[in-house]
Amino acid sequence: MARITIDDVTKRFGGDNNSVVAVDDVSLEIDDGEFVVFVGPSGSGKSTLMRMVAGLETQTEGDITIGDTVVNQFGPRARDIAMVFQNYALYPNMTVQENMSFGLKMSTNMSASEIERNVTSTAEMMGIANLLDNKPGELSGGQQQRVALGRAIVRDPNVFLMDEPLSNLDAKLRTEMRTEINRLQNDLGVTTLYVTHDQTEAMTMGDRLVVLNYGELQQVGTPLECFYRPANRFVAGFIGSPSMNFFAGTARGGTLQCDGFGYDLSERMQESVGSYGDLELGIRPEDVALHDEAVDRNSFEVVIDVVEPMGSISYVYCRVADQESEDTFVVEVGGQRPISEEQTLYAHIPPEDVHLFDGATGETLHQRKLDSDIGTSAAGQSQNAGASSGTL
Amino acid sequence: MATTKAEPGSSQRFEKDTREKIVSVVRHAILLTWSFVVLFPLYWLASMSLKPPGQANTLPPDWVFLPTVYNYLQLFQRSKFVTAFGNSLIMVAASVVLVLLIGVPAAYVLSRYDIPMERDVLVWILSSRMLPPIAVVLPFFFIFRNLNLFDTRIGMVLMYVSINLSLVVWVMKAFFDGIPVTLEEAARVDGATRFQGFRKVVLPAAKPGIYSVAIISFIFAWIELLFGLVLTNSKAVPVTLYVYSFIGSRSIEWSMLAAASMAMIIPVAVFLILVNKYLAAGLSFGVVLKE
Amino acid sequence: TRGGTGSDDSANTDSKSDGGADIPLKKYQQADIDWKQFEDSKINIGAVQHPWVDAIKPAVPIFEKLTGIDVVWNILPENQFRTKRQTDASTGAGQFDVFFMDQVVNQYRHEGWLQPLDPYFDDSSLYDESWYHPGDMFDASKWQAHGGGYSDKWTGLPITVEVQTQFYRTDLYEKHGLTVAETLDQFRQNAKTIHEAESDIAGTVGRGQKGYGMNIYILNTFLREFGTSLWTDFPNNSGLDTDGTIDAAKWYVNLLKDYGPQDASTQTWSDVLTTMQEGRAGHIVADANLFWPDLTGSDSKVGDKIGIAKAPKPADGQFSPNAYNWQISTSKNAKNSKQGFLFMLWATSKPTNTWMHLNNDAAFSVRQSVWKNDEFRSRVGEDFAQITLDSLKAAKPDPFDRKYPQWGQQYSEELQRAIAGQKSAEAAMKKAATVAENIYSG
Amino acid sequence: MSTPTQTQSETRTKPEGKIARVRRLWNDHLPIWFIAPMATVMVLITFFPGAYDLYLSLIKEPTLNVFAADFVGLSNFSTAFSRGGALHSLIITITVVVSALILESVLGFVLAALVAGVGSGRVKSFYRVLFIIPMAVAPVSLATIGRIMLNSEVGIIPYVINSATPFTAPAFLSKMPLLTVILMDTWNWTPFMFIIFYAGLSSVPDTLVEASRVDGAPLWRRYVHVIIPYMKPVVFVATLIRMIDLFRTFGVVYGLTQGGPGTATQLVSINIYEQMFVNNQVTVAAAIAVVYLIMVVALCNIVIAKVGFDGVWD
Amino acid sequence: MARITIDDVTKRFGGDNNSVVAVDDVSLEIDDGEFVVFVGPSGSGKSTLMRMVAGLETQTEGDITIGDTVVNQFGPRARDIAMVFQNYALYPNMTVQENMSFGLKMSTNMSASEIERNVTSTAEMMGIANLLDNKPGELSGGQQQRVALGRAIVRDPNVFLMDEPLSNLDAKLRTEMRTEINRLQNDLGVTTLYVTHDQTEAMTMGDRLVVLNYGELQQVGTPLECFYRPANRFVAGFIGSPSMNFFAGTARGGTLQCDGFGYDLSERMQESVGSYGDLELGIRPEDVALHDEAVDRNSFEVVIDVVEPMGSISYVYCRVADQESEDTFVVEVGGQRPISEEQTLYAHIPPEDVHLFDGATGETLHQRKLDSDIGTSAAGQSQNAGASSGTL
């Protein structure tokens, strides 16, 4: 169990002149027992950051502390961590039993019988006790994933590192394993770093999310903070599926003029915005309402492009009727509501759900209203949010 | 937190850097040592070939000497050497082509189709390599005389094929095992016949394996001596035999021998450099390759 | 000439290669032989990479012109040649009409692979005794060409002879005030002096490598000089475990072990030669006179400091150096034996032989007349010629019985073991004797 | 219902011309056409010489006429072992095979691992080409030049050892012939192991290595427990092929020592050579060859059974 | 363009005695231009069925007809189909251009210039025109996928076959490509078979779903039919994410006695059920309501196990308070509703949304009510539903 401090860490790959900055001056504190999820687009440096914690890469600048020790000069061997890899990285020549014992044999002085006891009990916990004599090649994807987890757990390390551990599984298994990892981490209380680019995992697993883009830290906070109180346009667009809809426009005299429609800014909004000119309005698909007729000035006519029925809900892709471009935005509607393509409707954007971003920097200027206290209380402590629980 | 950050941090980094440097120094020290072990005899060979006759074995050695291409000029003025060298190049190259033509399709079939007793078939194929040439040269002499293959280039090409066939089949079977079957299926769906799928899709994908096995086959055939000795007379004499001619029963022409040996290394080195980049991927014997 | 393996185009010879021979055809045409009877045919010659080949090749166009027979050479180093010859003979392929013959002569004869030449000698269209002059040949050579005494028919025609002599470094002898050894003790003493006085120079070198033509060729001289012989009672007693043989072996083994190069047991002709050429040895124990051209040639760093003398002998022994002849023969399966015989006759005839020795660096004549030829003596040096002639006259060649290769090989292995220090000379010779006798009895 | 035949036709059945028919025949039976030439060549180069040697080993005097042959049972085999030194040469061969195989494998592997870790691609290529070159030196050249380089009087290697190191050069060929032969073969053929191991190493997934690092395994254990087992197919095939090739080594050793001093380096192949070409005991040579072939085939089968193709090609 | 008929097709792998039945007596008609999606768990025979249509496997029994021709004896070459593989199967040695031309060169007599024209126009349509000279190894996953699609499209075949073509892409790309394939198929109107095990793809892409399990056909129908009118418990559980909740129980006197609660069957239900005893009640997570107090007899007390907040919604895992086992069921609630773990609430299952299944065979006995006409009209023609549109 350990606290992890990442202090002004930068990682550059390649030679001096044409180097790639994979991680750019990131600082982060992770509490003992906390479950932190790294998210970000491909190439944003998630893996690199985690691998530096593991000791598999050496940072170019900055310090990494695990527990009370600066581990900069330690190899992975000395850091007492366990890692779960995307492709499991099970040793193909060893049985499950051997795979799970390997770490203990290598890094502890435990007697063989002690090791066996530990492995057996972990295997039972993971429901793979009956597979102990099989080789990885004989297991299904889900079973392999369980073994990989078990191999990490049995070592009882200071820190778990997991790099997209579920991405090779199919949807059903992924859901199952997700809950399992969550439960395990709760039970074991081991500090855990977890990389994913799956929305659901990001939202449901971690105590806190760390959002990265181009190697830079975008936001650190609970999943709901990131969802409801995005620090900038990037986070707003990245968290949530389908993505938040953005409308670029220019604020002039209390109205935001977008492509095809104008939107009256509420007083609260005008306060937040101040003198900014170029803005982006953000609204989540589930917050837009589609009506048969215009309900107020903030409604505008849209043409339905595609309807994707998902069962209980449908995603409706709409095009603003008067706009010049072909862009569409998404609206979530009830699954049984009959909407057909090319139909004309009126979209309504409720002022309380609107986010506003600086058109140039993407910085958040205005946040939506919230019924509960998720956002307001959390937003302030965003950077240093403790191990708050994932539920409300 | 900020108190003891900068100083120890940078010094630790320094230590880590030095550790990595030490690893790298040790690595290159070992590699350079072996390079020396490899190069020294080759250097000596080269220097013998570049010294005037009679100076080849002088001790203490003239580490510095005025190199002369005299020996090479001599060598290439001997029409027999040029003929034998050309002979060998043609025969060995032809044999490599032929052994690939025979071995690669067979390896493909062994990899893709259910062959009864596949293991035994593979061991049988390998067994063609188990008898010392000396024990099989007489029967081949018979066959060759009766089929009028004696002292023909075709005969030697066939002989070289027999030396290398097992290797080609083994290496290529393993290589084909690593090529996804969907590739051929895609080709068949695209309208290719099975053969077209093999030729246009699978074969090009097997390039690393083919090049690797080609160079190794080339070397094995290039340095072959015994069959060349017994199965040729004048028309199809390989260069190895000619190299032997500098070893008289009375005296050895050291400089010429060295020059000829060096000349023999050159085609292999050229070939090696050409296919160098494929070698890493070509011989991994069915261990699935990283992309 | 065309075809053939090896350095027949210009190897070993500089300018004399392109048919520079100018022997008048008349010298052959005066013989009562129908040279032209096989015009437009072709013969294959299987030859060892040997100075004889280099020496005769320039003259071959004359043969071709004389007879209209094309000559195709197949030239290989000794070991490779043996392999090829054996393949050819044992499979009855008969690709060589004429080929070099050595210690295996009786083995080949016994297997029925060799064709006796007597019928051709009896054919008056092929042979003219008065022209050919067989009496000019050394008796030892003729004896070896009759199966080394095991046959009363010609097994081949002798082409070269070499005899045991000793070579020494005149400069070192002078420096240390040594006199040329006549006895084995003196020889050993000389080796000791040089060995101990010169740091980079071995006292002596000698062929220790196994092989039926290698180390035992030398030992056979000494065992005869110690008063014994091979096969004191053929095929029951090999003579290899007699006191004489053991003494000879002891002397030779100890000499090489004490004053020879470290790896004497593996040295071959070319190793010995190179060591001497590089000036790293005081003298050669006693080996063939044919070292002479190379020791004194341009490749030698001590070319002008080499002396030659008769091989030493035990103080109370009889001087009888070993002599060895190459002969050329024809096989049962050869397709052009008659043409081949014409070639043998031509090649060993007086005009050709003399020409080779006067004009083409040869120094191995089986004909006594050459050794007495002044032009030749002045070319090769008076000492060399005289000592070789004297030695040849006293020479006692080895008899090559039909299993000589087999037991000779094992005998030479035993000797090599002794030189390498793996066992004592006595034990080695006793073992060799057992093996040799077993080979005939079992 | 109709049960279609196993081989589907590639084209719709239309009236077809000659060429089309040939093409269809070609495509429908492709495996047969593909494997037939290989099978033919293999039958020729395995069965014929094998049968010939077996035949020779059973008769008294070598003759091609089977009806005239005088079959003598196993007497050639007993001669091979009583007087032919078959046992001795088998032992020598096994010594050479085992030690050279170990040396070449270990060295090849270490070099491959070191080269694989080199950062710069160019330097890597350089080592890769350089390390393969020794294979290209013909045995003739290697043996002859090797002999002179090792010569205790005029050889460069003893000279360098004597003058540049505190050691005295041993007499390579007479005092330690077996070791010299093994070392020479190591120089010559380590490249073969090197290049194959190198290829194998480049295919080990990085994550596997990283997993073992995280698991706390020190360097050598990483190789022993993770990397080498992963490369098992490569190691297996490379050593198998090299082993077979080592068993028939001839040229270099014969050129270096002719099997000597005495019979200290008399490999089976050299023994067969001498029986055949020196002693003219073709039948005994054939007997040794037969014993030897049986032994090598058995050994390969044992190795294959022990190590197994499992995990090699499945 | 062609109609495909699969007629009593069975495929067995392996020898006679220990053979695996991969596809078990499947019959299916696919209309010209229809987009049919095969779904089912791993190993259910989806790929095998598709490969038989392609001619890459030969069926053990049955006939396959493409257009008017029985193609049993034809190899893939003769069937005029194009296929997109899961791992793309691009020819690694050929450029994109060559990859795309290959099929045309092999199967048509087009001139080189004609081929080039076709390839270029298709490449433009797919947005890969600038990649034509690259080799596949130089492309990103998404680009490779586009090339694979382009390669299929350019051939203008009778039938498209796609075997999990998107499963190697990441979530974002997958969404993008999904819409793209949909649009393409609409435009081109080529009969398409599509294998997936992704819920979203299954629901949104096809005109009809073919649900397979253990090689047997479970249901054929529009996605919404399968969602709202599942033919059996397997389909009900397989379609929809999270899965439908099932409660096993015994019907006795109008009440279904489940583990921990009893459920009063409505009259309509009792009619459907008839005399069945062992039943399973099915209810989708979005249809269950959580109240602070019991609302009627069909409410029961639940303890909250885990809450997974997903942003706009949360998944709440509940345990029936009185039940014996540890099983939980999922309820979907609004994302801003404050629910915490271990809290006690009352779940209510609205009778109109309930499905009932035969406990033994899994056959559907009772279907939920529907507001619109999706189910009722479609349910009857389930097996032979035509190419109805995916929207309502």
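The chains carry the letters A, B, C, D and E, assigned in the order they are written, with residues numbered from 1 in each.
In this text, a residue touches a chain if its C-beta (ideal position, glycine included) is under 8 Å from a C-beta of that chain, and two chains touch if they have at least 3 such contacts.
If you want to know which protein each chain is, UniProt gives these names: A, E = ABC-type D-xylose/L-arabinose transporter; B = Carbohydrate ABC transporter membrane protein 2, CUT1 family; D = Carbohydrate ABC transporter membrane protein 1, CUT1 family.
Bear in mind that the values here come from a model prediction, so they are computed numbers and not experimental data.
Participant: Compute the shortest path length in steps from chain A to chain C over the network of touching chains.
Facilitator: The distance in steps between these two chains is 2.
Participant: From chain B, how many touching-chain steps at minimum until you land on chain E?
Facilitator: Minimum number of steps from chain B to chain E: 1.
Participant: Could you see whether B-D or B-C has the larger number of C-beta contact pairs?
Facilitator: B-D
Participant: Please compute the C-alpha centroid of chain B, do the same for chain C, then give the distance between them in whole Å.
Facilitator: 41
Participant: Report the inter-chain centroid distance for chain A and chain E in whole angstrom, where each centroid is the mean of the CA atoms.
Facilitator: Spacing between the chain centres: roughly 27 Å.
Participant: Which whole number of Å gives the spacing of the CA centres of chain A and chain D?
Facilitator: Whole-Å distance between the two chain centres: 55.
Participant: Multi-chain contacts in chain E: which residues touch at least two other chains?
Facilitator: Chain E, residues with two or more chain partners: 55, 75, 77.
Participant: Among all residues of chain D, which ones touch two or more of the remaining chains?
Facilitator: 10, 148, 154, 205, 230, 273, 276, 282
Participant: Of all residues in chain C, which are in touch with two or more distinct other chains?
Facilitator: Counting only residues that touch two or more other chains, chain C contributes 83, 90, 274, 278, 280.
Participant: Can you tell me which positions in chain E touch chain A when the two form their complex?
Facilitator: Those residues of chain E that touch chain A are 41-42, 170-172, 175, 179, 182, 197-200, 203-204, 223-224, 227, 239-242, 284, 286-287, 306-313, 315, 317, 332, 336-341, 370-372, 374, 390-392.
Participant: List the residues on chain C that touch chain D in their complex, please.
Facilitator: For chain C paired with chain D, touching residues are 82-83, 86, 90, 104, 107, 111, 202, 205, 208-212, 261-266, 271, 274-275, 278, 280-281, 405-406, 409, 413-414, 416-417, 419-422, 438-439, 442.
Participant: For chain D, which residues are in contact with chain A within the complex?
Facilitator: Checking each residue of chain D against chain A gives 205, 207-208, 210-218, 221, 225-226, 229-230, 232, 311.
Participant: For chain B, which residues are in contact with chain C within the complex?
Facilitator: So the residues of chain B touching chain C come out as 53-54, 57-59, 77-80, 137-138, 141-142, 145, 226, 229-230, 233-235, 237, 241-242, 244-253.
Participant: Please name which positions on chain B make contact with chain E in the complex.
Facilitator: Residues of chain B touching chain E: 180, 182-183, 185-193, 196, 200-201, 204-205, 207, 291.
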